[in-house]
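To start, I am sharing the structure in question, which I have written as structure tokens.
Letters A, B, C and D mark the chains in the order given here, with residues in each chain numbered from 1 onward.
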Amino acid sequence: MNGTRFFTRSSAYSATFSKGGFVKHKRILLIGAALMVLALVGVSLAACGDTTTTTAAPATTDTTAGTTDTTAAGVEMGDDIVIGAINSLTGSNVLTGQEEKWAQEKAASDINALGGIKLADGKMHNVVLKYYDDKSQPTEGASAMEKMIKTDGIKIALSSNITPVNQAAAQVAEKYEAYYHITSSWTDEASPDGSFPGFIGGMDLKWATDMFESAGDAGLVAIGAVNAMDEADRPTKFAVMTENTPDGVGFGDGTKAGLEAQGWEVASYEKFVEGNKDFSSIILKFKEAGVDGVVTLIAPTDGITFVKQMKEQNWAPKYLFGYKGFWPVDFYAGLGDDADYIGYDGFWSETLPYPYAKELGQAFQDEHNGNTSNSVGLYYAAAQILFTAIERAGSTDPGAVRDEVFNGTFPGTTMGDITYNDQGIADIPFLAFQWAAGGERVVLYPTEVATGKTVTFVPWEER
Amino acid sequence: MAAGAPLLTLSGVSKHFGGLQVINDLDFVVHESETVGLIGPNGAGKSTVFNLITSIYQPDRGSITFKGTEITGLAPHKICHMGLSRTYQLVRAFLKMSVMENVMMAAVYGVKHHEQGPKQRAAEALELVEMSHKRDVNAAHLTLSDRRLLEIAMGLSSMPSLILLDEPMAGLTEVEIQHLLEVIGTTRDERNFSILWIEHKVDAVLDFCDRVGVIDYGVKIADGCPDDVACDAKVIEAYLGEPVA
Amino acid sequence: MSDQRIDDTDVKLLPDDGGRRRRKLIWAGLAALAVLFFATLPFYYDVHNGQFGVFFFNVFVYVIVAQGWNLVGGYTGQISLGQNAFFGVGAYTMALLWFNDVTKTGYYFDPVLMILAGVVPFILAVLVGVPLLSRLRGDYFAFGTLGMGMIVTVLFINGGMFTGGAEGRMLVPKMPEGAVFDLRTHYWVAFLVAVLATLVVYFMTTSRIGLALRAIREDEVSAASHGVNVLKYKVFAFAVGAFMAGVAGSIYGYYLLQVTPSNVLTSNWLFLPILMVVLGGTGTIMGPWLGAFLIYLISWYGDSYFAGYHPIISGVVIIAVMLFLPSGLMGLGKKMPGFGNRGRGSG
Amino acid sequence: MGSLVQILVNGILLGSMYGIAAIGLSLIFGTMRIIFLAQGTMIVFFAYLTYWSFEKAGIDPYLSLFTVIPLAFVVGLGLFYLLFRKAAALEDKNVSLLLAVGLMYLIDNLILKIWGATPRGVNLSYSGAVLVIGDIRVPWLRFALLGLALASALVVYLFLKRTRVGTAVRAASEDMEATTLQGINSVWVCAISFAIGIALAGVAGVGMATVYSFDYQFGFIFAIKALVALALGGIGNVFGALAGGLLLGIIENLAAYYIGIAWIEVASYGVFMLVLIFLPQGLFGRRGLVKKV
């Protein structure tokens, strides 16, 4: 090897190294480093305190056990009813998990404020929610369910809000005969030819129910909102773009079929990997294919990047409608005015003519800097239904509660009147919204509850 | 001076790293039952010669034959199976394994078929280098000189016809060097293999070897019996030109 | 690094042979007791409904994957970052064969399917391992296996009708008529395979193969020059590790009864087993058991007591262990007399 | 044809992010052989700092380069001396790999606790500005990112070539053992390499904040992409790492356009594997660096 030359050269360096100049610097730098790390920790803590006072309001307490003290006058209080709640406390789905948790805790504290649930023993029982982290992953959802059933002996649970996680957890619940009250999971049944395995509806679950929409029908609200446009403004060539996840693909396939069934042309169907950073080639492809309407299922972070790059490429279709990622206020905040005229789905709106909808929306706004939510009503209603079912069953026996929900009708929830079928499925209609200029939410569809009309996505240079 | 048939032949071997010509058109032969030294100043390219022979590097040009078979570019383990083993300047015994495990490893994998079982061969090799009493010591806890002996034992256990020794005396004390020389001498007499010995320290090699080659800057500048080489003007210049560290 | 290599002042002899043998006997006795305990646990504990049943089931599955990685990463020193791919391929092999009624042999805990679930990753490992290992060493091999894992994941997600795409394959409808899910069966199968995997690793590493693997770990070049066909043994260890991961995947698939990319191809099946091996003690036979037990304990109870904060705690635990116990828990014993860490640094 | 040029431009612009990260990784990997999987997480962390200083104090992200880079450098020194100093010297590379994984978990979730799960992005007054050349559109901010990447490569290159520490780093990345034997303080060399690596994460973080939307779990995939870029370009060569990043960006964009966006991972990792197998030293790495001894 070339050892010799190397030796002579580098020994010269070693001499300069040991002369001390570097050693001195090193000590200073080291002390500096230690100080910096300390400072960083300080900064982080400060920032932490900052946000907890402003945005992280829902995470105040883990359980609502505090309300046990406030007994309703005159009625004897029984033991607390402990209900499990699988939720994404960590992982990719935290954002939605937080809203769901807020709504569930709100529902529990509301019913406790009214005295709790009356069971067959004639006593009132407070509701306590115990949370289990599914870490946004199906395997962990299964683990969480195991843990709930086995370490804590809880056999009734509120669900998480992503389909695969709930599928895995429901599978476990089935094995141990625990009742899993699911919401926010595609309800689709398996296709007759077996090509599509189905989501919750395809699993033939005996111990779980689901209140949501079928992925196949979910796309219809986007189409509904198109139909609400003026004839001349309507797009003619659609692109369906979805993330390559079970949720996304179920939605994408369904939407594509739905659009084509109604006679629209779907010029492009693309599935991208979650966390994708560059959509510019796809935008170019859409541009060249003459696409003028986009329906997508996309996470908020990816959604912001997508719209930013649309603007960079100066491409504006007539119609841009996104599921999952376009509705959070943070999406609007991340894009600013550029998010104007973007359509998005929702499960709920405080403007809906249902009992307590307005108050719930207000409560959410009060605790979230005035930001609105178009989902909490669904989660709140799911909790309401479960509480009602327990009350009707008169016990916390999972089988009895389940029997109340299958084929049950639950009037007056924040989602209106909900009826489950004999498969334990309750399909709820989705809503279509649009960000009006200035960031206000406009309900587009269904037309009977619409607060505005679908507006064409205004080209960038005309803004 | 019992030189038999050629065992290892290097002809026209060249190797460069980057812009540096490390070995230049080297011809060299080791015969059966011959002890050959290869000396040269630091960085003359001695270790590279070994790495070329054992196929750790591929030569740019030239060919290397062993027992009449071309071994240029052959996989290192196959070269070992042919009966060529080596030691390393920085000892490369397996430090986390015991002495016996080290030698066993070499005995099991070094020879394809042999009338003696690997256990027997390993034990014998350890006996030859006088290390049987340390068989269960971890190699990491051996002294440097014991590690050198261990490597030699590993080489021996594969029943080689040629052992390449890469500066076995570097870093050893006089006493240890004496012991090492004795061990090498007795084992060589016992097993009758050839030795190609790289050394930086000249005197030991001159005493011990049948024949000595000298290289400097990758070029062979002398090759002959020790006494002649020691008097060669070019050799003296090569050594004095760059002081011995 | 090199100051340990030329370390001739510090001569310490290991304890005499008798002490070693005695310790070995004690270990063997303890292991036998533990095997007896776990094997008979379902007779006096309700494994199906009790929390420890599912806990140990998961630990066993991780032990199988971890032992596989231990063989590659621990004993042979090749950091494979593709174990999740093998786990997933194993699970998918089982699921797809069952789903499409290919082997017609019964399917639910079918040994044929489980062996195939190991064989397919084994073949994949050979196919990937030969080009990668013949040209790449150490870290580059890690990159290569990482890339392979990514490609396998994407292929399964985009597999369409063949793999079921992102939705994967649901196996519940394929359950045989009248078959009841009983966790005891899963527990026993997982335990049996975990013990088998451990025995395979034990016998491989204490045999002649082990000498080659350990030699390769310490110094490939030197091993080759002592006659070891380095590529052959590296590929073999890699493939056996893949086999184990694949079988573990099939066992887990039987438990979940739903095989999707997000179930069986996630990085959990990559990093957790590595962490378990390293925490327990790399290249030790009991390390993966200790590591799997501890890591799973942290992950199982961590989020019960520190809901939402457990990843932070996991992060701190990993860092602390690597800082203060880089040779793992099994190295703790060796550390006491003062030379546990010796020799680790060089090679 | 026009679209092909646009795709290439887009690819280069995307790749410059990978490039900056890969240069950092190249230093860390080159000297210490640490597969630093937490690089992406560090980038996200500095992106959050940039975002935060913009939101709280209105500091322009490009101005905050002047605070983020030194900060990142010092954080790197701190991390090295706190965590990696011992591990870097160990032959057992699992330890440093897992240290990086632990650090990734820790920082990811600290970010989640501090800043929440909300996606963030910096909206500047000049965010939407685009350079238009014929049919080709080059957003200024992303163009600036390319500039940052080139500048980073140049600075690191000059550092390695022209300074004594840099020469030691280069020597170390060729042969740490030799470096140690020659009496160079290898710990200090490692520390400097590590700190520069993290400083480059700072640069990338600023770039990410200006161009992309990011959240706390953005890091892992990004770190893997940077590793791929590194191995594509070849270790031990600053411009190689950058070129590897650009190449990766181009491959991804070409694949997204011509094959479908679902397949970009297969395309990029496929090319990566082929390069590893047939050109183990990378496309631009020096031959012989992947030594057999």
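Keep in mind that, in the parts below, contacts are C-beta pairs under 8 Å (C-beta built on N, C-alpha and C of every residue); 3 or more make two chains touch, one makes a residue touch a chain.
Bear in mind the structure is a predicted one, so any value in this text is a computation, not a measurement.
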item	value
Of all other chains, the one whose Cα centre sits farthest from chain C	B
Chain pair showing more contacts of the two, A-C and A-D	A-D
CA centroid of chain A to CA centroid of chain C, Å	34
Chain centre separation (chain C, chain D; CA means) in Å	31
Separation of mean Cα positions, chain D and chain B [Å, integer]	45
Residue list for chain A, restricted to those that touch at least two other chains	1, 3, 7, 90, 244, 271, 273
Contacts with two or more other chains, residues of chain C listed in rising order	2, 154, 157-158, 221, 311, 344, 346-347
In chain B, residues with contacts to at least two other chains	17-18, 56
Chain C to chain B touching residues, read off their complex	2, 4-8, 10-14, 17, 20, 208, 211-212, 214-215, 218-219, 221-230, 339, 342-344, 346-347
Chain C residues within the chain D interface of the complex	1-2, 73, 79, 131-132, 135-140, 142-144, 146-148, 150-151, 153-155, 157-158, 221, 267, 271, 274-275, 277-278, 282, 309, 311-312, 314-319, 322-323, 326-327, 344-347
Of chain D, residues touching chain C in the complex	29, 33, 35, 83, 86-87, 89-99, 101-110, 113, 176-177, 180-181, 186, 220, 224, 227-228, 231, 262-263, 265-266, 269-270, 272-273, 276-278, 280, 290, 292-293
Footprint of chain A on chain C - complex, ascending	49-51, 53-54, 58, 154, 157-158, 161, 164-170, 172-173, 181, 183, 256-258, 260, 262-263, 266, 268, 300, 303-304, 307-308, 310-311
Touching residues (chain side chain A, partner chain C) in the complex	59, 62, 89-90, 131-133, 135, 137-139, 142-144, 146-147, 150-151, 164, 167-168, 171, 174-176, 195-199, 202-204, 244-246, 248-250, 271, 273
